[in-house]
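Each of the two complexes below includes subunit A, the first together with subunit B, the second together with subunit C.
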Partner chain A sequence: MDDTTPMIPDLDIPGSQSTPAIQSRWQQGRLAMQGDSYPENSYELFDQVIAWVRDYLATERRPLHLALSLVYLNTSSVKAMMDIFDLLEEAHLEGREVSVTWHYDPRNERIAELADEFREDCSYPFAITPSVAPA
Partner chain B sequence: MDLLSMRESYQRERIMLCFNGPISRSLIEEIGKALRNYLDTQQTTPSAAMDVFAVYIEMTQNIRHYARLKGYDETQASATVAVARDEAGRYLVSAGNLVERADGERLVATVASLAPLDKAELKAAYKQQLRRPRDEEAPSGAGLGLLDMARKASRPLAASLQPLPDGRSFFSLTATL
Partner chain C sequence: MTEHEDAALLRRVEALLADPDHAGHPLHEALAELLARHRSQRHQLERLVSISDRYQQLAMEARQVTQKRYERSLRRQQKLSRISDGYQAMMRERNKALHRASTLDPLTQLANRRLIDERLRQFEVADRPYTLALLDIDHFKRINDRHGHDVGDALLVAIAETLREALRDYDLCGRWGGEEFLLLFAETGLDEAWGIVERLRESVADVGVSDGNRRLSVTLSAGLCERFPGESPAETLQRADQALLRAKRDGRNRSLAQPSP
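For the complex of A and B:
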């Protein structure tokens, strides 16, 4: 097996009213999520994302970048996202190159506040960027 | 059915949206959508609208989690939900459901224990709860949701418990935003 073969397939999950759209790109070292996230049990959705991140970080030595345009998260989703950011923090402390960019609509400062609370517990590059909402 | 008196009571209480009955996952989403659409028409800022929506979601999902935990049937798993405005224009989000009396008493005590905490203390408690392992969460699962609501609210959460003849109680919770 060559070293760029994904251990698990890339994710391409369409969004719904209560769940974000999720795309992972093993070759590019990139994971992206957009939209609201408030499923009753967030781990039914996020377990596969957590597994992908864990697998990528365990298999590759290349950087990993998260591009997020998440809007509203219920507390169950906040918990799952924290698990993902913790995996990145662990990798960062081992010298890996990881980063997050969180895009938000500047009309809604709650999103920036939410992102900022996650950032408080992270020592890797974590940008919170106002931008026009993606179409 | 006296719909007119219902209507008058809703108007008197400034209730803009209410629901009573078995609450499914999809119903939570649909009522949530209606709530968001309504807030959009009310010159509510996007952040304030998101706070109201967030409190509504945490309350109703807590009720669903609790009913599942207790193995309640559809009727027992019903919820009473209302979103209103007070005289000062603040949003009131309320939800009530059937609970076992001991659970209800524990919930009322938890809510009361949050009342004296300021925003910084609530944030610390929230972050601490967030870091608790998944399987060590409160049996009701309500801990994180309650802290989240308390952080968003402009005054302490108000909880009450009314005993019912069947030995259960009706728990109700109101957040002012």
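For the complex of A and C:
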């Protein structure tokens, strides 16, 4: 198989009031999410994201970077993010290059504190930056 | 019998059996058979012990794995709750900020009409007495026209600050309209409120904002009235407004009450 052929198609999910916008770029090894997340069925939404990350890490040897500009997360979204970070940690322990940048609005320091709580068990590079993520 | 004594005895028996002098002795065959059976049983016993040890080892390991898995899942659950609680606290703060924003006048940070209406309704429902004062800045339009809206706004902010400082915690001070303020004196009679309003008008006369080299100050007109039992907020407001109108007509820079104190 070609080195850059995705196992599953890239995600391009437009955001809504209650769901984050999600873009995955297999070629660039990049996954981005922006916005609030309190979907009616968060498993349906995040299962495809988790599947994409799992497939990418299983298929590729290239780095994976997550660019997050998430604001509000409900409990099941928090759980989904923990699952994704766990996948990254596993990959990192196997020697893979993975990283996260969590962008937050400097007017809302709370987001940075919560991102820091997520970071607790991650040994890979996990930056929390006061900025606005490029869309 | 210790392992050591057991081994020594077996060696003695073996030596005796191996001795050609005892060959053909009537006890030889029986003793040889006894020795073989003893060896076999000993072997069985050792196997049994070893199997039992291995089972115990496995059970111990399984318990440790379960324990570890349980601790990990507990830790994860705690992390999940902690972060989730954090997001909820964030939402509550956001709601509070929104509530503040929706009940305060953005320029003066005084209560806006929404909050004033809400408070008046609460007093009506509880049928609590209060005295209302409507305060209007005299000739405010002239200030805006001559010196610009920035100066007018600065004056509004300065007056709002003076009003807020002079009032008691349980009074309400709001921006009722453009240059009009509303004061609600809870559980307060007309005479007492009158005194407070007069002091306020004096303080406001000392308030000024500078426009270049000039210092501008203004006067206030006020209309007061005490709520009658059973009176609706609209009726009380209307009476206060009428008192204010009379104060304006009578030459401004004065307070009038309805009925007069």
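The definition used in the following text is that the second predicted complex is superposed on the first by the 130 of 135 C-alpha atoms of A that agree within 3 Å, B and C clash if a C-alpha of one lies under 4 Å from a C-alpha of the other, contacts with A are read in each partner's own complex, and residues count from 1 in each chain.
By our rule, contacts are C-beta pairs under 8 Å (C-beta built on N, C-alpha and C of every residue); 3 or more make two chains touch, one makes a residue touch a chain.
Remember, it's a predicted structure, so these values are computed and weren't measured experimentally.
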> On subunit A, do subunit B and subunit C fit together or clash when superposed?
Replying inline: clash
> Counting only touches as set out at the top, which of subunit B and subunit C does A:Ser18 meet: first, second, both, neither?
Replying inline: first
>> Contact-wise, after the overlay, does A:Lys79 reach subunit B, subunit C, both or neither (first, second, both, neither)?
In response: both
> Given the touch rule stated above, what does A:Glu40 touch, subunit B (first), subunit C (second), both, or neither?
Replying inline: first
> Which partner does A:Phe118 contact after superposing on A: first (subunit B), second (subunit C), both, neither?
Replying inline: second
> Is A:Arg110 contacted by the first partner subunit B, the second partner subunit C, both or neither?
Replying inline: both
> Where along subunit B is the clash with subunit C: 40-48, 76-84, 94-102 or 166-174?
Replying inline: 40-48
> Considering each complex separately, which residues of subunit A are in contact with subunit B in the first and with subunit C in the second?
Replying inline: 72, 74-75, 78-79, 82, 108, 110-111, 117
> For the complex, which residues does subunit C have touching subunit A?
Replying inline: 76, 79-80, 82-84, 86-87, 89-91, 93
> So in the complex, which bits of subunit A are touching subunit B?
Replying inline: 17-18, 38, 40, 43, 72, 74-76, 78-79, 82, 105, 107-111, 117
> Any idea which subunit A residues touch subunit C in the complex?
Replying inline: 72-75, 78-79, 82, 108, 110-111, 113-114, 117-118, 120-121
>> Applying the document's contact rule, which stretches of subunit B touch subunit A when the two form their complex?
In response: 25, 29, 33, 46-47, 50-51, 53-54, 57-58, 61, 64-65, 123, 127, 130-131, 134, 144-145, 148
